[in-house]
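Inspection log for the structure reproduced underneath, given as structure tokens.
Chain IDs A, B and C follow the sequence of writing; residue 1 opens each chain.
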Amino acid sequence: MGSTTNAEPAPYWNPYAAGFALGLVLLATYVLFGWGLGSSSAPTRLAVAAMDVVAPAYTEAHGYWGAYVAGGENPLQDWMVFEVIGVFFGGIVGAYSSGRMQMSPAVDKGPRIGSGTRLTAAFAGGIILGFAARLARGCTSGQALTGGAVLAVGSWAFMLAVFAGAYATAPFIRRLWR
Amino acid sequence: MEPGLVEVIHGRHNPMIDGAHGMHVWGWEVPVYLFIGGMVAGATILLALYELRFKEKPTSLSAQLVPWLLLPLMGIGLLALLVDLEYPTHVYRFFLAFQPASPMSWGGWLVLTVNAVWVAMGLGSLSATTQDWVLARSGPVAGVLRWAFDMGEAYRKPILWTALAFGVGVGIYTGLLLGTLVARPPWNTAILPPLFLTSGISSGAALMLLMPLSDKEQHTFVRWDAAAMAIELVLIVVMVISFVTGSAADQAAGHVFLGGHHMPAFWAIVVGGGLIVPLLLAGFEIAKNRPLTRLSPVLVLIGGFTLRWIIVVAGQEASFASLAMAH
Amino acid sequence: MTPFYAFDAFDYTTAMVLGTILGFFFGLVLEGSGFGKAENLINQFYGDDMRVFKVMFSAIVTAMVGMGILGGVGLMDLSAVSIPVTYLWPQIVGGLLLGVGFAVSGYCPGTAVVATGTGYVDGVMTLAGILAGSVAFGFVYPALEGFYVSGEMGNLQLTELMGLPWPVMALIVTLVAIGCFFGAEYVERWLAVRRDHAPPPEAPAVRNASLGAMVALALLGVLSLAVPTTTEAVAERDIDTIDALTLAQQIVEQPTEVYIVDLRSAEACVAERIQGALCLTEEDPDAAFLADMPATRTLVLYGEGDLVGVPASAQQYAGAVFALEGGYASFTQAVLEAPTPPANPTPEAVATYRLTSELHGYFTGTASKAPPIQARPKAVERKVKKGGGC
């Protein structure tokens, strides 16, 4: 099916220009809807939808998930689910048009570990991400970026905490990345 | 093809008595059947067109074997339909008669006969190397097979044209079927047959693009797929406009696409993911000459299935009966 | 007046479709910044490439100053903008944890989606983990419930904390951010020398242009404070009415498309009410819960008769709102009492009679009374927010 790698991936955008563009997208979102971008609600709702299929009575009665399925609501009929679908499409088109798309599935990892380790770490890290995003009611897109832009105190605290947590962890997991 | 369903449809359809949403007779089975029907029709059309246009057989093994693959695929579609029937054993009755005025009757015969067409087409698709490989392993039936291969090659052109006609027929039939069964606003639109046909062509192309193809085949199918998707986009726009500017019945149908809870899935998954994103990717593929990602055909297939799903499921929520009640 | 949705320019389903379009550009920019690859993200935390910081804060600053200008010239009603509620302790602890997860997986939820689209299996695995983590949270939730709502400070913004107007705050944040950007670049270059590798590519012209634009916009925002604007109070919504027959049909045909709220006293409501209606409770007599309900359905309010006033929370409901014409009395008369056959059997009268008798049969005949559904008091956190706080 032709070559499996791209000849020359295009260089990344300048971070300040990219940030400016992202800020405009965020601004447009606020102007249109009165709320901003986000990400973590989408996988949560997917999980709730799956649980509603498997164990509907339990899900409806649950203190946390019940709100998503109250009154026969479909948890997937939500703005953020469709926004994240859009993010997925944007990532695909961006990657493909720039030549950065991996034609066969790839694993991005540090030089000292194997793919298996990396994938396990990704999954484990993901679990922590998922849990933390629910606890904080958002992730870097929703709380840090979006809440930060409207100067919400809790969001700024969250943002600082994320950087602190990541910087604190990095030295201990050098092996994963360096 | 659907004798069991006929009993249900011609009966009472009163939401007051039969349930708040009318009778949701059909779940996933009919969309699966329509989707597979469209996809195999599209693949047939594309393969026939390819060979007629380039006057040579497809060289990749995948393309050679596709006509044979369509047989079990269609079988799965029919199985889905049978699962849905109340009296699956009565299916045989359908083939005891042929009513020229009934699209359902046409459809039943089309869907049955197309299998023979695929066999005929498949016999002639195989390259000499493949034929020899098969003959070497076929023991006692080698003689018959040799004859069959020769026939397939000798009558190649008529077979291809027949296949093309059948492909178009099956593709259009999937769009007609819904409208002839029940009077529901979204199904009684003239746009549905050509829409399902073009959607089937792009699904068929996507199916083949998932397989390892020769450069020329891939090059051709990507472009034909892009053309089909572009036409499909136009048809959808035309369809939506016709609903919006039409009668009350049309507007109720339009509600499926412009309001209601299927609207986001329609625009995001069918139009966005199934048409616009693949078209963008195809555009970059053609402009920058990159190999096409496998993700794109997958998105097309998901979009094609979702289109049929929404039209079937959501269509059942808009009935002329409910319109009458809305005085 | 923007935000458009807050002023009923379009409905929620349209918003969802628009959301896909905006998400598309979000994903495009994330990918263009290089955030579809874990390596680029993690380099931030080893100091080599501060692009995460640069992109994120540039975006925050741009959006902030943008809103400052729009708010300042009266094009945007900043009070209609949704501000994530501050729950200080869970946000701090959650933030720290998210940082850990970020470092270990190399992604955050949004970038994991982009990485998946780019073809990285580690992105897919991260998403799988995120799903599992969300589920795990739910299971642990009963134990965490108290902590989850602790440190609540409402929609507290830094502007309130510092007592400064938005554009001024935005200008300060812009200047601080620019200072941090130059600091970050210094650190990048210093570490590059120390670790003996190339620093990230710099394009001073683009950088200066971008940052200059941000400062210019911030100054414009401050200047716009001087522009006198007629503070347009959020218009009192005009609540449309709906008649009893239409509501009855809606209940029969598409019950999941409406919320029906009974605004009469709790006792009257519990005794008898329209099928499927939510009752007010003693803890929440003003129906404050309406403001937070997800906007995916139409809201129908009714009282004993015509509604005299509409609760303030209904004004804030993001979806369509209707009042039942004639209230419960009208519903009773139209549907719950047996209709009389028309004296003059014109086709329309006969059709209406058929309709009302079928509805009558549905509502009073075999249809069984549903148990009373109590509206949840505001203290219980409704998680179903539309965007904003993720």
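Simple rule for what comes next: a residue touches a chain if its C-beta (ideal position, glycine included) is under 8 Å from a C-beta of that chain, and two chains touch if they have at least 3 such contacts.
This is a predicted model, so every value here is computed, not measured.
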| item | value |
| --- | --- |
| Most distant chain from chain A, judged by the mean position of its C-alpha atoms | B |
| A-B against A-C, pair bridged by the larger set of C-beta contacts | A-C |
| Centroid spacing, where centroids are CA-atom means, of chain B and chain C in whole angstrom | 39 |
| Computed distance of Cα centres, chain B from chain A, in Å | 36 |
| Interchain centroid distance [CA atoms averaged], chain A/chain C, Å | 17 |
| Residues of chain A whose C-beta touches two or more other chains | 77, 82, 85-86, 89, 92-93, 101, 103 |
| Sites on chain B at which at least two other chains make contact | 261, 264, 268, 272, 293, 295 |
| Multi-partner residues of chain C (at least 2 other chains) | 16-17, 20, 24, 117, 119, 255, 296 |
| Residues of chain A that touch chain B when the two form their complex | 1-4, 6, 74, 77, 82, 85-86, 89, 92-93, 96-97, 99, 101, 103 |
| Complex interface listing, chain B residues touching chain A | 212-213, 215, 218, 261, 264, 268-269, 272-273, 277, 280-281, 284-285, 288, 290-293, 295 |
| Footprint of chain C on chain B - complex, ascending | 14-16, 20-21, 259-261, 263-264, 267-268, 272, 293, 295, 317, 322, 324-327 |
| Touching residues on chain C, where the partner in the complex is chain B | 11, 13-14, 16-17, 20, 24, 117, 119, 249, 252-255, 257, 296, 348, 351-352, 355, 358-359, 361-362 |
